[in-house]
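Take a look at the structure below.
Each chain gets a letter, A, B, C, D, E and F, in the order it is written, and its residues are counted from 1.
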Amino acid sequence: MSEIDAAQYRVAAMPYYRPVGNETELYEAAYAARMPLILKGPTGCGKSRFVEHMAWRLDRPLITVACNEDMTAADLVGRFLLDLNGTRWQDGPLTVAARIGAICYLDEVVETRQDTLVVIHSLTDHRRMLPLDKKGELVAAHPDFQMVISYNPGYQSLNKELKPSTRQRFGAMAFDYPLPEIEAEIVAHESGVAPAQAAKLVQMAHRSRNLKGHGLDEGISTRLLIYAGRLIVQGIPPAEACRMALVRPLTDDPDMQDTLDAAIDTLFG
Amino acid sequence: MSEIDAAQYRVAAMPYYRPVGNETELYEAAYAARMPLILKGPTGCGKSRFVEHMAWRLDRPLITVACNEDMTAADLVGRFLLDLNGTRWQDGPLTVAARIGAICYLDEVVETRQDTLVVIHSLTDHRRMLPLDKKGELVAAHPDFQMVISYNPGYQSLNKELKPSTRQRFGAMAFDYPLPEIEAEIVAHESGVAPAQAAKLVQMAHRSRNLKGHGLDEGISTRLLIYAGRLIVQGIPPAEACRMALVRPLTDDPDMQDTLDAAIDTLFG
Amino acid sequence: MSEIDAAQYRVAAMPYYRPVGNETELYEAAYAARMPLILKGPTGCGKSRFVEHMAWRLDRPLITVACNEDMTAADLVGRFLLDLNGTRWQDGPLTVAARIGAICYLDEVVETRQDTLVVIHSLTDHRRMLPLDKKGELVAAHPDFQMVISYNPGYQSLNKELKPSTRQRFGAMAFDYPLPEIEAEIVAHESGVAPAQAAKLVQMAHRSRNLKGHGLDEGISTRLLIYAGRLIVQGIPPAEACRMALVRPLTDDPDMQDTLDAAIDTLFG
Amino acid sequence: MSEIDAAQYRVAAMPYYRPVGNETELYEAAYAARMPLILKGPTGCGKSRFVEHMAWRLDRPLITVACNEDMTAADLVGRFLLDLNGTRWQDGPLTVAARIGAICYLDEVVETRQDTLVVIHSLTDHRRMLPLDKKGELVAAHPDFQMVISYNPGYQSLNKELKPSTRQRFGAMAFDYPLPEIEAEIVAHESGVAPAQAAKLVQMAHRSRNLKGHGLDEGISTRLLIYAGRLIVQGIPPAEACRMALVRPLTDDPDMQDTLDAAIDTLFG
Amino acid sequence: MSEIDAAQYRVAAMPYYRPVGNETELYEAAYAARMPLILKGPTGCGKSRFVEHMAWRLDRPLITVACNEDMTAADLVGRFLLDLNGTRWQDGPLTVAARIGAICYLDEVVETRQDTLVVIHSLTDHRRMLPLDKKGELVAAHPDFQMVISYNPGYQSLNKELKPSTRQRFGAMAFDYPLPEIEAEIVAHESGVAPAQAAKLVQMAHRSRNLKGHGLDEGISTRLLIYAGRLIVQGIPPAEACRMALVRPLTDDPDMQDTLDAAIDTLFG
Amino acid sequence: MSEIDAAQYRVAAMPYYRPVGNETELYEAAYAARMPLILKGPTGCGKSRFVEHMAWRLDRPLITVACNEDMTAADLVGRFLLDLNGTRWQDGPLTVAARIGAICYLDEVVETRQDTLVVIHSLTDHRRMLPLDKKGELVAAHPDFQMVISYNPGYQSLNKELKPSTRQRFGAMAFDYPLPEIEAEIVAHESGVAPAQAAKLVQMAHRSRNLKGHGLDEGISTRLLIYAGRLIVQGIPPAEACRMALVRPLTDDPDMQDTLDAAIDTLFG
């Protein structure tokens, strides 16, 4: 279908990604086998960045869908819209991806009601087809099409688990925060802060990550460290930047804030 | 109704299916009696493949519907769409199947709200009719029409059971994973991995299947074994391929991952 | 209203029905009094067949509605549809039945949300009228109109009971499986199996019906016996036919399957 | 608004109503004061008949709405429909009644979600107005308009109670089954059965009404007695007519059926 | 916007209102400060009448909205309707009030889902603006606009409380039933009953109000007293009028009815 | 897109804001880093005023969205509307803000179902893009775009917490009521009341704030103090003004009202 503007889904410039292991090789093998993939890992550790990087590396268009509980099968597959001549079919992002051979990335997939996800089943087994029941069309996936989904196993509730019949259509890669030196390198690169400050910020993150499950749902992410770094570059004193970018967003609990503020004072005071 | 493109529902090439008993004969007798059929069995054991194979064998069109909780009777039966001249009736997949004499296959039927399923009742008893109440039409099923539904009895909850009044309209066939030698043959055939590796992969699957109900919802399916085989063919070391294709998708529990990783190391280490 | 095609609701040929008592006389008296009727009884015992038979006998059109939880009052009464000239009213099956003097049969009525059923109240008391509130029309029922509803008292939950204000508009007839000899006669007639085999199938059904409430929601219905008979006629060995048509559809519980399979082996082994 | 066909809401012939006290005088005084009225009483005791009778007596159109849980304010007040020239407002039954000065009768009002009922507030206090918010019109009620609602206090749940702010806009009249002699007179008049049989039927009803709250939700209503009488007139033996019209509709409980059947045998055996 | 018919929202004649304190002065000061107002008090004590009276006194249009649980933000703010030329924006009552400088009165505001009420926030703080997000317009409130809301604190549940962020945008005035002499004066004025009878009716109301919380949700309101008075004026004996207008609407509990009937007999017997 | 009227989102005059610390500097640094911001703090303490002030200071358009539980992703992002030529896309406020480089302020963000908020994720990480899935367009945020959200950590329930994956995209600033002298200065400035009276009003507020969690959900806000001041300026006696503006809106509990009224009498009596 020539009217889809596939070019807009190309990743224009190489997204910065610092590999921490053989994850790019594994992804390339999975893509070669057209194996659908699950990316698991905590918030802000770089999963979205990784898939952008791989789409760039493999020179495939990337279609990202931020999942939410209201998402229906029609939001993925498409629907009829009213037009001058009556109803007109509009492909959803999943259908577009299947047609143009894109990598289709469903971000935070456990947010979606799992029954909505059933629509991806026929695309993720030997059939590689997508039935558009409402339109009465069977779309055969482009040979280059691949499905990738991500979630954070850390705070997934019982009601928000992938069903076995969904899981068993995917390979999976587990992500975590990078090693301290690598994470400091990333923070410095992305925020412009000095390496020594970046290292201290990473130290602060590690203290918070040890509190996960002891009053914090999640530790400080790499992304927040980069924000703190940018505030420091703007001239905000490091302790104040850390409170604003690392502590206040993380928790509303006064005791936990005190604990984290004390850690800041020790590191930057 | 000549405007339905029945040809697109034909199964083009013979789908690979390795019989494990007299299941093809039983299906043929059931079809000859036009008995509606339930296919029961665990995820990824080959139910969908089997019905494709039988549709090919019987030379009937196959219309597959992936069921989900949001599916309404209208999604099966059809609805009015807005057109240049006002509303226009659009047959749903069930109605199309009844008209053209297809095998209508409702996959993962327990996902559907059981009350939606009531619409299939008049097609699955002596009447073999489908009332389109909204259109005021009674569709008599084509003589070749057959209804087939599938589900996984393993993780069906109390809220997701077929009602007796639905069940008692069907014969049923129970599926399970194939015997080890047959399963290894399938894995080798589908992934291209060497028979010895395929046998080891099947051994790994059996270990996981023994853990079903002891921390795993489901064991490793044949489908995942094929993925692992393909990664090995891509040059990924077998242990790494197994972790990616067999263990990480299956569970987020660290202890269970360790147990399964240890089994991998024993087999492939 | 001349545009309703009443002919399509005529029951073309006499539906086979084997009376088990004076039920046809009672129905005829109830119809003569235009008393609305409830048909109660287990799944697959012949309620739908009976009402078809009576419609044929009384030479009235029959409009059957398979009830479900999503059914709204509009599904019964009618709604506005969009047309070339704007909105157009489309009668629902209840309204059509009231206009043409059909027997309106609501099958599995307890599936319907009981509040939806309130729309039948004015048709089932002295008024015999149906207000189409949205259209601003009061439809007086045709003198031949009768309302018939059915349900299975066996597995009706607390949430799915007819309200007294609904019940008290109906007379009621209770149905059960026929006596063994009659049931065997029916099975033989409908499946073509030999009388001796039919008698054995009925024996099998009785064993399962004794297990109702002891692990089975419902026993084997006459309908399933007919399916088993048809498989035997197709050449499937009787024991295998019974497992496929009588046991596997009935239950997913392995112990119960074993119990029933043992009974099969005793009878047919 | 001249396009409303008020004539169809006229009660054509005097509905048979046998007064049991001064209820017609009380109603007339209430109507003269334009006091909104609640009619309370058990199922099938004659509330709907009474309001029809009064509408005929007062020569007012009567608009009856059978309430249900899905009823929205728009179902009462009206809505925009799509027309050749775009959207067109369609008055709901409440608005029609307010415009033409009808008695508006909401039957089984506790079925309605109580919040929907808020729309009647401004019609039932000193304002006697109905704001059509969506249309931007304020409808002043016709001087002859009166609101009447009914419910059965017997089986109203906690979730289905009229709010004080609704109740306190109404006077109320309590209804019950008529005295035995009067009820027998009604049954004989309406069914054509002989007075002696009618008296026995009423006796049967009294026995069941004593069981209310002891296994029965409601006793046998006058309406069911009339049905039984009609079956007897059709030639059905009295005991059989009673089982069909009085017992089977009332309960699915086998013990309760036995108790009631025994009472029938005593009276008619 | 010139097309709004503001005249219809003018209160034509002075609504009868008998002040019981300095409430009119307080309201005038609040209006002068354009302070949004909460009116609290029991059912039928005169809150709606008071705001009508004040609108008349201040010569402002009054737009009243009866709140209910189904009310959405669009019901208050407006929505797009379909027109000959496509969609056309229709202001909701809140938007109309903001544009024309009316007093906007939300009656029984706790019925509304509290989240719907968030739309009034920007109109009730320093901004006095209403964003029509769907239309992309920011409406600045007319300088004369004022928001008034009412509720009955007596039977408000935990689920139906105004959120602090809503409450803290309002001043509040508490209403109660008037003192006995004043209430009797009102009853006599409104119903035409003689002063002595009016005084007795008020006595009856006081007895019931003492039972509030002891079996009654609310006592007899002034409004019901006026109804009773009107029935007496129609010639209904006082005791009977009281039972019909004061007791039967108030409660379905037989014991409570007996208690209140006894009080009637004492006063009027 | 030139058709958006960005001018209407400009803050016309400098909104009065009295800084209490270095909050304007911190905001400016955050804006320079385009860091998304959370503003936390109690009701009526000045968060909305602050963001207006900063938008004026930074000379950026400000688009405010009052969040509510019914808000869907489409309310933020946009939807298709029906037009003369069929459907037409209408940008939602978030999309408008992203296009024109506005500050987009989501007020009371925890009211929104957290899954709706997932749509802001791609705008608040390194991507700064907004996919309009239904339109098939990827909007790159204008370089000046910034996202700001606010909530009150005080009465946020378990069901209404920001998810870690949302939180970790923001820096955060905590607000509280200003110090007494500053708050009195604000009250005097905004209401016109004399400084001494303003100081007493602030004292009253402090007494109520100490009762937070001891029978009050929230203490008296600065906004209510300003209302009280304005009533006093209108000539209402201070004690009466306080009861109307500070106590009655805050609580329906009679004991708590007495406590607060006593405090008023002490301060103003």
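As a convention for this text, contacts are C-beta pairs under 8 Å (C-beta built on N, C-alpha and C of every residue); 3 or more make two chains touch, one makes a residue touch a chain.
No experiment lies behind these values; they were computed from the predicted model shown.
The chains that touch chain C as well as chain F do not exist here; no chain meets both.
Relative to chain A, the most remote chain by averaged C-alpha coordinates is D. Our note on geometry: chain C versus chain E, Cα centroid distance of 52 Å, whole angstroms. Taken residue by residue, chain D touches two or more other chains at 82, 85, whereas all remaining positions touch fewer. Note for the complex: chain D touches chain E at residues 25-26, 29-30, 32-33, 35, 38, 40, 72-73, 80, 82, 85-87, 113, 115-116, 118-119, 121-122, 125-127, 131, 133-134, 136-138, 153, 156, 163-165, 167-174.
Taken together, the chain C residues at the contact with chain B in this complex read 4-5, 8-9, 43-44, 48-49, 64-70, 75, 81-85, 88, 90-93, 96, 107-108, 111, 152, 155, 190, 217-218, 220-221, 223-224, 227, 230-231, 233-236, 240, 244-245, 248-250, 252.
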